[in-house]
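Below is one structure, written out as structure tokens; comments come after it.
Read from first to last, the chains carry the letters A, B, C and D; within each, the first residue is number 1.
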Amino acid sequence: MQLGMIGLGRMGANMVRRLLAGGHQCVVYDRSPDAVQALVKEGAVGAASLNEFARSLTKPRAIWLMVPAGAVDDTIAELLPDLEPGDILIDGGNSYYIDDIRRASMLAARGIHYVDVGTSGGVWGLERGYCLMIGGESDVVTHLDPIFATLAPGRGDIARTAGREHASGTAENGYLHCGPSGAGHFVKMVHNGIEYGLMAAYAEGLAVLKGANIGNTGDTIDAETTPLRDPEHYRYDLNLADITEVWRRGSVVTSWLLDLSAAALMKDPGLSNFAGRVSDSGEGRWTVKAAIDEGVPAPVLSSALYERFSSRGNADFADKLLSAMRYEFGGHLEKPAGS
Amino acid sequence: MQLGMIGLGRMGANMVRRLLAGGHQCVVYDRSPDAVQALVKEGAVGAASLNEFARSLTKPRAIWLMVPAGAVDDTIAELLPDLEPGDILIDGGNSYYIDDIRRASMLAARGIHYVDVGTSGGVWGLERGYCLMIGGESDVVTHLDPIFATLAPGRGDIARTAGREHASGTAENGYLHCGPSGAGHFVKMVHNGIEYGLMAAYAEGLAVLKGANIGNTGDTIDAETTPLRDPEHYRYDLNLADITEVWRRGSVVTSWLLDLSAAALMKDPGLSNFAGRVSDSGEGRWTVKAAIDEGVPAPVLSSALYERFSSRGNADFADKLLSAMRYEFGGHLEKPAGS
Amino acid sequence: MQLGMIGLGRMGANMVRRLLAGGHQCVVYDRSPDAVQALVKEGAVGAASLNEFARSLTKPRAIWLMVPAGAVDDTIAELLPDLEPGDILIDGGNSYYIDDIRRASMLAARGIHYVDVGTSGGVWGLERGYCLMIGGESDVVTHLDPIFATLAPGRGDIARTAGREHASGTAENGYLHCGPSGAGHFVKMVHNGIEYGLMAAYAEGLAVLKGANIGNTGDTIDAETTPLRDPEHYRYDLNLADITEVWRRGSVVTSWLLDLSAAALMKDPGLSNFAGRVSDSGEGRWTVKAAIDEGVPAPVLSSALYERFSSRGNADFADKLLSAMRYEFGGHLEKPAGS
Amino acid sequence: MQLGMIGLGRMGANMVRRLLAGGHQCVVYDRSPDAVQALVKEGAVGAASLNEFARSLTKPRAIWLMVPAGAVDDTIAELLPDLEPGDILIDGGNSYYIDDIRRASMLAARGIHYVDVGTSGGVWGLERGYCLMIGGESDVVTHLDPIFATLAPGRGDIARTAGREHASGTAENGYLHCGPSGAGHFVKMVHNGIEYGLMAAYAEGLAVLKGANIGNTGDTIDAETTPLRDPEHYRYDLNLADITEVWRRGSVVTSWLLDLSAAALMKDPGLSNFAGRVSDSGEGRWTVKAAIDEGVPAPVLSSALYERFSSRGNADFADKLLSAMRYEFGGHLEKPAGS
């Protein structure tokens, strides 16, 4: 079927490519004419403006927005004059699901359908397919099924979950209508919250492995430092690239994130290209807020989030206060860096 | 080659089966004669006593212990009189690596080699193979290579990590000599610490999804309870079996633990067979202790461990104290269960 | 000066008493006529309705609301028709500061001033005075200074902070104009967030002391349980009432919350009157949300909050999922309660 | 009575001063002759060597060690030849209680008594008195009572805990015999663990207050950054020195650590003299290890410890791995510092 795509960044462009390869027709728009031209060369229909974009689409239009979460409302506002009742707007970016609820309601008043799609897959989606978590009206989601089926990975050669042979639905194909408006991004939000936790679990564990040789470092004895009690227990120089590789086979911790860790450590065991300033892009924060609203304990997901905050220096004031208190009660001076 | 196996529980018996299928000769012993007989029927050589077991093995003996961590020292002590210099003892259970260091040193004084093997794979190992993390002397580990190669999963059809084509070693085959005595169980310990963190990340996230319908529950207004501010944001009845299934394809959080979660939720979405009393079996605790010795922050791994403690009621006294303080400063009475 | 008080619960009634004792005139209203009569007997002017309440107050009226956070908006709406430009509404309860910002704006449009006051002191405030954190317009806050000065504890005999002799302001007297609308409740919110953290620190530490005798408990050896490695390190039967008492003098952890803990443990060392279901009343949650919005790591405050959630059984689903995963990968069955 | 003091650092010297002021006789030794001379001028008996020190003491000797935890064993070994059965060694430093158990046993074999004393009070102890947590044999502890009574703060003017009028014991006087060998340092260990938690609670909360003005900072919109949703909720420039001061009176969070925070912020609201590299000196680590051995959840105490680790850069490798994973799955590049 035909789909209009607005936003041809990393994700949007690859999704268009996957749709084109699947036999769909794509009308594309981006603020960058070069991005449009690149896809026109690959078979898409280009539009030079949002107005032209809307005019190029068959009614009822199906329009996928793949723009930064902060730009969705503006894009909708700009596009709205060119839309008509029955048209479908799909937000495939990283919107907060609460915005989905609001937008769906606002657009419904104009007869326009709104579908929210949480999309996972990153730069690998073109090849692997995109895992799609979908929220919105059932009949509209059903109408878009050909698009979702193409973008999604499909069943592939992944071992079937016991009992699935008797279950219906599209989950096995890598896309799922999760519920009403917002449900798609809600599920994607929690997906990313989990992702933060998984990543942190690997990162912490590998850091413990990395530190397993501290017994080979000399210790000083002073009132401020606890000497390592049993240095002979920490004399391992472990090969993290090999360890993450061996875990990829038969261990309980196999995962795609482990695959990526193994790849990164194979390239550069010291990870020297990274400073360790870790961004967080919203979903991790929102997941914790949802947990709090629900009264559900989420210590792991929260810790993972806070580690990212700390990695960017955001604990500095609190740390200074700790040092200040220690100075006040004990006259403790800070030790210089590296000690 | 020939291997003696002591301990024919869930793990040990399946490892023998895998070795037999791989063409190795296995001499087996267990305190339960039935367990021995079962494997004799499948081709193993049975022994009725540790002494008979030792006599049945070709020298230098290669003996794998697959007994509970708390029983390893006693088993070694019982076996020791029958061993001779050059023999090899392999502890494939869940020993604390610190015990490995001690045992290796004690046995080396008698000319006996000690190899520690962290084994991951659980009940699935027979089919998938066991991921093996090995510590000990290099030449001894090399001598045992045929055993490890058979027990391990092998390369299988798992996508190759970029750069591995130029690397040597056995990591790709699912077994790895990690370092000197204790290194195998050290790596396995951290592996399990990570496992706890991964499991907790999924569990917390799925609990947030499960709680996404609390907006449909009535709220009461009193000084003790915070009313849910925006109930309309929490009106989703999400299908966790489908969600975990859809994440298995193309998402960032795909993993074997996710596969298992999907399977468990497919069987019983309410998990009604479980009370939620979660055991912890040592490695998670030791990982956190190692992190502390190394001065490496491990908030996620620790939180995961503490959730298990709490699940068994171990936070009760602390909680009572919180209630007692609240009563003292504010006259707050506890609310009854269910409110 | 004159103050009208709406809400004569635990907090409101005692605040009226303290104001009466300080020579102020109080007009009081509560939905419960008995609550009104009780204070009339102590010298307050009672009102049988909000309308009568408003008529009884000298203009410009100064009205203090001491009602549950969930009832503030309704009370304001009901009162509004009787108010006139220049009147002052003070919300002394536990409102979310975001509501203060909204209300102040709404009331400003009608010429009515809104002051938010975070109030700490609990049932002890009548005797100790209330610590007041105030947000609103400077001149309005100044106008109310006599009220705040009476409610607050005053300097008392607390040792002066070095440098305070050169500082101006009311902080030393136990009340503070923190900033514009919402600032009072923002500071009170964080105050409570800190309170949760402090309480949890004591509770966890005391639980560790309580558990110091586990070496006297027998251990079982099985594959599911880690035996206590060094039982001889855990053979202390500690007297928590005495320990909290001794810490009250000269230690680094002296605090009012410690005083309360010592009192509670003196009454009942086993805290047998409490089940350990710990409420949380909003500010702890909001503090964590603010930390997240600011990107400031708050692992301790979050952990303290989550312990309360868990104490009420809210981790149950996550725990069941952990058990379910353990069953799937290892065939582990849950151990029965008490084991 | 007479006490010998070895170790005249910050703590030891002030303890001697307090004992001298209390009418006790003190024989003092330190590796630094200047430290000895300083106290001789104040009335102590100086010793130029450990041997002279031992000879100067009346039998049975009572000797207090106030040396770094890492130097206690060496000091005991050096002193031992000069000791006789019936002598008493008191370790008043920050020893691990497990070492106390070992030392007490070793010294008991020679007829020498060992008493472990956890000492809180820091540089303020001279004036406020030292809170003493004592482990050892009852009759020996009773014998030393005059020393403990003088060092401790005494009842002072602290409000009596309800019920204490009917209780016996010394807890109200600021010293307590907690139990057998190791009990003193065990209780002190947990005391410090709690201290870490309390400090972190204040530090985190104050950091949230400090960040309350982020709404006044401009936001950028890109795919990597979550824009602050409601900047108008974060426009407070809060005075932390005043806020900590106001909390000192009548609030639930009053404590000595709050007093110190108020003092530090009064001196320098920006805490510009501190870099935020926070040391940890053993007890915090041991408390968490004890919690783990006991199976008691201690998320707050652990988080507080990990914040200190992170403050010294110890999360760097884990953070780099997070960035590396993000790069692998999404092509995300780290944002430069300051963004």
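The rule is short, and it goes like this: contacts are C-beta pairs under 8 Å (C-beta built on N, C-alpha and C of every residue); 3 or more make two chains touch, one makes a residue touch a chain.
Nothing here was measured: the structure is a model prediction, and the numbers come from that model.
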item	value
Most distant chain from chain A by Cα centroid	D
Between C-D and B-C, the pair with more C-beta contacts	C-D
Option in B-C, A-B or B-D whose residue-number contact pairs overlap A-D by over half	B-C
Centre distance in Å when chain A and chain C are each reduced to the mean of their C-alpha atoms	37
Between chain B and chain C, centroid-to-centroid distance (C-alpha), Å	43
Distance from chain D to chain C - Cα centre to Cα centre, in angstrom	28
Contacts with 2+ other chains: residues of chain A	122, 200, 202, 204, 206-207, 210-211, 229, 252, 256-257, 263, 285, 293, 295-299, 303, 306-307, 310, 315, 318, 329
Residues of chain B touching chain D in the complex	252, 285, 288-289, 292-293, 295-299, 302-303, 305-307, 309-310, 312, 314-315, 318, 329
Chain C to chain B touching residues, read off their complex	9-10, 68-71, 94, 96, 122-124, 199-200, 202-204, 206-207, 210-211, 221-227, 229, 256-257, 260-261, 263-265, 271, 273-282, 285, 299, 303, 307-308, 310-311, 313, 315-332, 334-337
Residues of chain A touching chain B in the complex	97-98, 101, 120-122, 125, 128-133, 152-156, 158-159, 161-164, 167, 169-176, 178-180, 182-183, 186-187, 190-198, 200-202, 204-212, 214, 228-230, 232-239, 241-243, 245-259, 262-263, 266-267, 287, 290-291, 293-301, 303-304, 306-307
